[in-house]
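The following block contains the structure, expressed as structure tokens.
For reference, chains read A, B and C in written order, and residue numbers begin at 1 within each chain.
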Amino acid sequence: MTTAFIQNDGTCVESVLRPGNTNCAGCGMSIGFQLLTQALEREPIMLVIPACCGIVTAGAFPTSAYGVPTAAATFASSAAFATGLATVAEFNGDDHPVVCWAGDGGTYDIGLATLSAAAERNENMIYVCYDNEIYGNTGGQRSSATPEGVATTTSPGGKSEPKKDIMGIMTAHRIPYAATLSVAHREDFLHKVRTARNTRGFRFLLMLSPCPIGWKSEPDESVELIRVAVACGVFPLYEVFDGSRFRINARPDATPLVDYIGRQKRYTRSRLDVGILDEQIKRQWRYLGTMATTFPA
Amino acid sequence: MARALVTGNHAAGYTLALAGEANRVARGCCGGAYPITPQTEIIEFLRGFQFTKGRVVPVESEHSAMGVCIGASLGGARAFTASSSNGLAYMVENIFAAGYYRLPIVMIAVNRTLGPPWNIWVDQGDSLMFRDAAWIQFYTDSHQDLVDTILLAFRVAEDKRILLPVVVAMDGFVTSHTQMVVELPEQEQVDRYLPACEVPHRLRHDHPATVGGMTWPRETAHHRREIQNAMDRVPEVLYQAIDEFAEVFGRRPVGALETEFTEDAKTVLIACNTMARTLRRAVLARRERGQHVGMIRAKLFRPFPREELLRAIGSARRVGVLDRNHSAGSGGIFWQEIAATLQERPDVLLQDYLVGLGGGDVTPEIIDGVIDDLASRARATQPIWQEAMT
Amino acid sequence: MAELTIFGRGGQGGVTLAKLIAETYFLRGMYAQAFGVYAAERSGAPVQAYVRIDEREITNHNEIREPDHVVVLDRTLIAPRVVTGLKTDGWLVLNSPEPPSAFREMFPGRRVATVDATAIAAGNGLGTRTVPIVNTTMFGAVARVFGLTFADVESALTELKFGGANVASARQAFEGVKAEHQPGTIREVTAPPPSQRIASLLDSTIGGLPALRTGSWASRHPNRRHLTPPCNNACPAGNDVQAFVAAVAKEDYNGALEILLETSPFPGVCGRVCPAPCMQACNRSGYDESLNVRELERYVADLGQRERFSAPRRDEAVAVIGSGPAGLSAAYHLARLGYQVTVLEAERELGGVMRTGIPEYRLPRTVLDREIEFVIGHGVQTHTGHRVSRGELVDLSRRFAAVFVATGLQEARSLDLGVDLGGSTHRIEQGIAFLDRARGGAAFVRGERVVVIGGGNTAIDAARSARRLGAARVVIVYRRSRQEMPAIREEIDAAIEEGIAIHELVSPVRVQENDSSLSLTCQRMRLGEPDESGRARPVPETTEDAFFDIPCDRVILALGQTPDLSIIPEGSEIRENGRLLGLAGSPVFCGGDLAGNEGTVSAAIGSGHLAALHIHRTLSGEDLFPPSPEPLAGPEAITTHVFTHAPRRRGGTIDVALRRHTFAEVHTGFSSATEGESAAEEASRCFSCGVCNSCDRCRQYCPEGIVSRDGDGYRFDYDYCKGCGVCAAQCPRGVIYMAEL
């Protein structure tokens, strides 16, 4: 037994993403995988990963950094591949989760139609989007998940359009469970993964994933950046049940937005109007607050 | 077997369903399906079928239809779908994935012209578009050929020596929407004929492996070679499959190609699908007039049956290819393959005829014009267009 | 044609370096080619870049197998394989702080040039804190080695839009690179042949762990350390506060007590009377409220089972003069080391100021007796009622192997109030004497109006004792303001709760006696500039109403005490370590308040312990002094947001109304506390500053999953650690830090 595996109360648990993977140091996706492993408590899963950093990190055939059976899907198709896998699993008495693990490119953009269709059919899978707000694998181009004002290689002066509301889209599909995940709030993360695991149908989890290369931030600040994102309100932690009942898991405190954006050169290098972002955050929280009060979970 | 009067689409849907149902003894069947003219009746049939252990998923696009098939096949189920024309074009990325993943998926291609501009009529260009995608390709000429070849397709695809997906093509409208008499199989026969589907490299909880991750050039080249090796084994497996088919169904479907009057022919014409049936009537008429004309119906396109074709051509010195397809900047695609095959036969005059492109009715008169042109030609020339022959 | 191979890691800009070199020669009119080998473009993974230079057009697109020169951008990539195919007289340019000669063994016979590009780049602010970008710096070095001019370097940098810091950095490298032709014979290195077997998609053996050891990516590693918790740093008795609190949090009360008894034999006393500098230093006080360490110490002392220590007996006998906290602490520690200890005490009872100077409602005699009993139980001989004179001290220093003098503070400060304090009415007396009489419990102040002069603990003790003895009214007069009163804050608050009034900024001037009562004339004060104690100097008001009279029946002076140094022989002096010099014979040490300590029980305990260690080292040569402490875990070491706010649990107290009539202990501690006020809960609020408490955060948040439990601590798998630093950032108590490799 090597020391490469997580030790969990003295026993060895093989991590979903094993050491020897090629993710950058401090990658938010890696942290997400460790927390996922902790949440699953040794339950086997199958992974479907589209073209993105997530599949590249497995390394070169024939070895793989993934410790669970994994299918590399074409960029737009993870929810379709997973539909097939989940259907056959169910036929054959296998109730372990089929999990899509896709970036914002494969979720918000090229994969949106596939995602929408799988959600509309309420396919039985857990879809996790690790959102680093760029097309990370190809060097950091803008996606529809890129926030307004952020500098990327294809929006060097700062993106003109606001970030697409993928949670709103998934809510409109009235899927049984949708939630946002924070890699800085472990208990909340584990609880939501377990809730998803114990729900049937289409479950969507959105994880804001710090990318030190794309965000031009320090790798050791990855967890702290997300904590601040939650604290200043830019990344709300909440759950939506059946598209109609809302629960807010954490309220923003008085942490200013500048604590978040000041540590990422992708923000500080562009001609960004912080006031616009502030207004977007306020608007989002007015909506969430109203929904949670009027339609509580 | 039950004798029925049905459309080609009905026959195809029915046969796919029975094949899928046969796998209820193993991991079941599943596929994604998206409608497109002239294929819709197939998927409507499938969606109405009560599978014991199967599901046809009404996806939002053909790209996802193949995605679901891939997922299902990676899960170890028997997987199938159908499409045409632009649907196939939209699906192409995942068609390559299915081939490179060595998954035994069966797809019906109801041949239809690619667009836009929109054209709903028959042309083989849509299935030929992905001839490089590691799929076995069959071109059927009749309802019976279609039904029988679908069953052969599953048998060959899932054979451990092969493990490649198979596309079975039929003519849009001419076959798909035309009612003809056909012997449809019984479930019990299909159960006997098709062994349980086993995908050896499917995803299993007891063996974590990643299918499809980054692969270096050396492994990729080797992988392509393995696919070619599998393709090379297709004739052997196909004929074994036909032998087994004969035992269950009492007839032998055509394998790679079928010949008519080629033994003593000096002039041979080659065509596929329903056009080959018209060709046969034209050749028969010539024979009755004492002309030594022969014909070959091309059925297996991938792997391209070079040796069998060379034997079929025999001692003929003139070969004409009827292509209802066109690769812009070159010529007909069957012609290109046959030209490569005939490089050992520099004595043969090989001429390409582009007929019926965009779905026009190819009449015996048109074929007569082709035969006459071929017979009188001094040497081969650029592919000859139908409109240039009138 | 010349060919150059560059070895670097993704993100270091190797391809850009190739472009810069190519650009230079292009500007000189040559043909040039620059490209990288693209694989998974991940930061940190080793990548190669190539340059070709030729006078004619270049059509070769293959990777370079036999370079003319090689550059290595990352020091961790320097290995024999980098010279594979390198031509005999080719240059090997390395990013390294070492001189070329350091590589003689690895690259014999080669031309080697080195420059510390990482340090130069970092110094010029290029790249991030974790990953300095060294390419433009190396460019300067490479240009120099190839015989280019700095003008060439500048042109290329400008052409590729690299400004300021890059140019400066390149220049430093250009000027600082060191080159040498190594002695020895070139050792050929050939590339290993590719493995024969190529895996198939259909193999059942695919899916094993990747062979890549990502530990080679790291430029820094996490390490664990121990910082000194501020409570430990502040404790004058040298207690391991953090450790005993941690044991309480686990409900291991015996373990907690054992930890305390390592340094102090009087946890029950200190848990009641210590001003708790540990609590003032506690980092939690900046977050919500400091840990209630004192109450925890008391709880543990009362509840825990204490085991006597045993040690092999030594022959040497040591005399201890004075049985206060310093003397008994020294006796305890010496007895634990096996010495035969004799304690000589002038008073009738053992305990010193713990007995005479602290009222029962703060420190019940049963508690004190039990703890003294524990000390004595280690085989300590005691003689009470035995006052030691200067002459006897000299004698003792001949009869015993060592002597420890801890006679404490004997002299009370006084004040000229215009009356003779030794008068027969005893209506004006010293606080310590008053407290001694109050121990008897006699209600000799019933109905009196009492004024106490002073602001320290003795003043408060005297006032609260007077209250309990039935005084009709008790007033404290203090010349500075309440904030400057040196007494324990909680004691002052308790006094006020018990109805004692504090007249601040009032100084006594004189007392007038008449038959039945007294009149104390006072003068109002105001605060002026700080005096030598650092506190504001009280300045008398001179206005007409500055003077006023307080009619009263008793005046108690509690102005502090001074040591009686008459026991110290003439001509000898007390050194800083307590050693008394100028005496022939065995070593004599002084400690506690006699030697000028800060005046608390815990300081005295610490002083006695130190004296015991000094004596032990002098007698046996063995040095048992604690090692130099690690750096302090200040508030900047703590990540507070990880902790949930929670108020300090306070333990129980008896009702105020009851307190005035009894000397029963006011604080009842955690054992009688209401629900939700448990000791373990309070102990769980401890941040454990600088000391790992296995909270698991490092393990939970490590992106690679390479932090694993190792006993009570953690282990890092450096084979895979990428050096991201998340573990160090997530450790809330400063235990993990990143060290450059």
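One rule holds in what follows: a residue touches a chain if its C-beta (ideal position, glycine included) is under 8 Å from a C-beta of that chain, and two chains touch if they have at least 3 such contacts.
Note that the structure is predicted; figures quoted are calculated from it, not measured.
Trainee: Between A-B and B-C, name the chain pair that shares the greater number of C-beta pairs in contact.
Mentor: Top pair by contacting C-beta pairs is A-B.
Trainee: Of the chains shown, whose Cα mean is nearest the mean of all protein Cα atoms?
Mentor: Per-chain C-alpha centroids ranked by distance to the global centroid put A first.
Trainee: So, what's the distance in Å between the C-alpha centres of chain C and chain A?
Mentor: The answer is 40 Å.
Trainee: Take the average of all CA coordinates in chain A, do the same for chain B, and state the distance between these two points in whole angstrom.
Mentor: Chain A and chain B have C-alpha centres separated by 42 Å.
Trainee: Distance-wise, how many Å sit between the C-alpha centres of chain B and chain C, to the nearest whole number?
Mentor: 79
Trainee: Specify, in ascending order, the residues of chain A that touch 2 or more different other chains.
Mentor: Residues 56, 58-62, 64 of chain A touch two or more partner chains.
Trainee: Two or more other chains touching the same residue: where does that happen in chain B?
Mentor: Counting only residues that touch two or more other chains, chain B contributes 207-211, 214, 219.
Trainee: At least two other chains touched by the same residue of chain C: list those residues.
Mentor: In chain C, residues 40, 199, 201, 206-207 touch at least two other chains, as defined above.
Trainee: Taking the touch rule as given, give the residues of chain C at its contact with chain A in the complex, in rising order.
Mentor: So the residues of chain C touching chain A come out as 11, 40-45, 128-130, 199, 201, 203, 205-214, 217-218, 641, 699-706, 708-709, 715, 717, 719-720, 722-726, 728-730, 738.
Trainee: What part of chain B is in contact with chain A in the complex they form?
Mentor: Per the stated touch rule, the residues are 27-28, 30, 32, 53-55, 57-61, 63-77, 79, 93-94, 97, 203-205, 207-216, 219.
Trainee: Along chain A, where are the residues that touch chain C in the complex?
Mentor: Within the complex, chain A contacts chain C at residues 2-7, 10, 15, 17-27, 30-31, 34-35, 37-38, 56-65, 137, 139, 183, 186, 212-213, 216, 218-224, 227.
Trainee: Name, in rising order, each residue of chain B that touches chain C in their complex.
Mentor: 101-102, 163, 200-201, 207-211, 214, 218-219, 222-223, 226
Trainee: Given the complex with chain B, which residues does chain C contribute to the contact?
Mentor: Where chain C meets chain B, its residues are 39-40, 194, 198-202, 204, 206-207.
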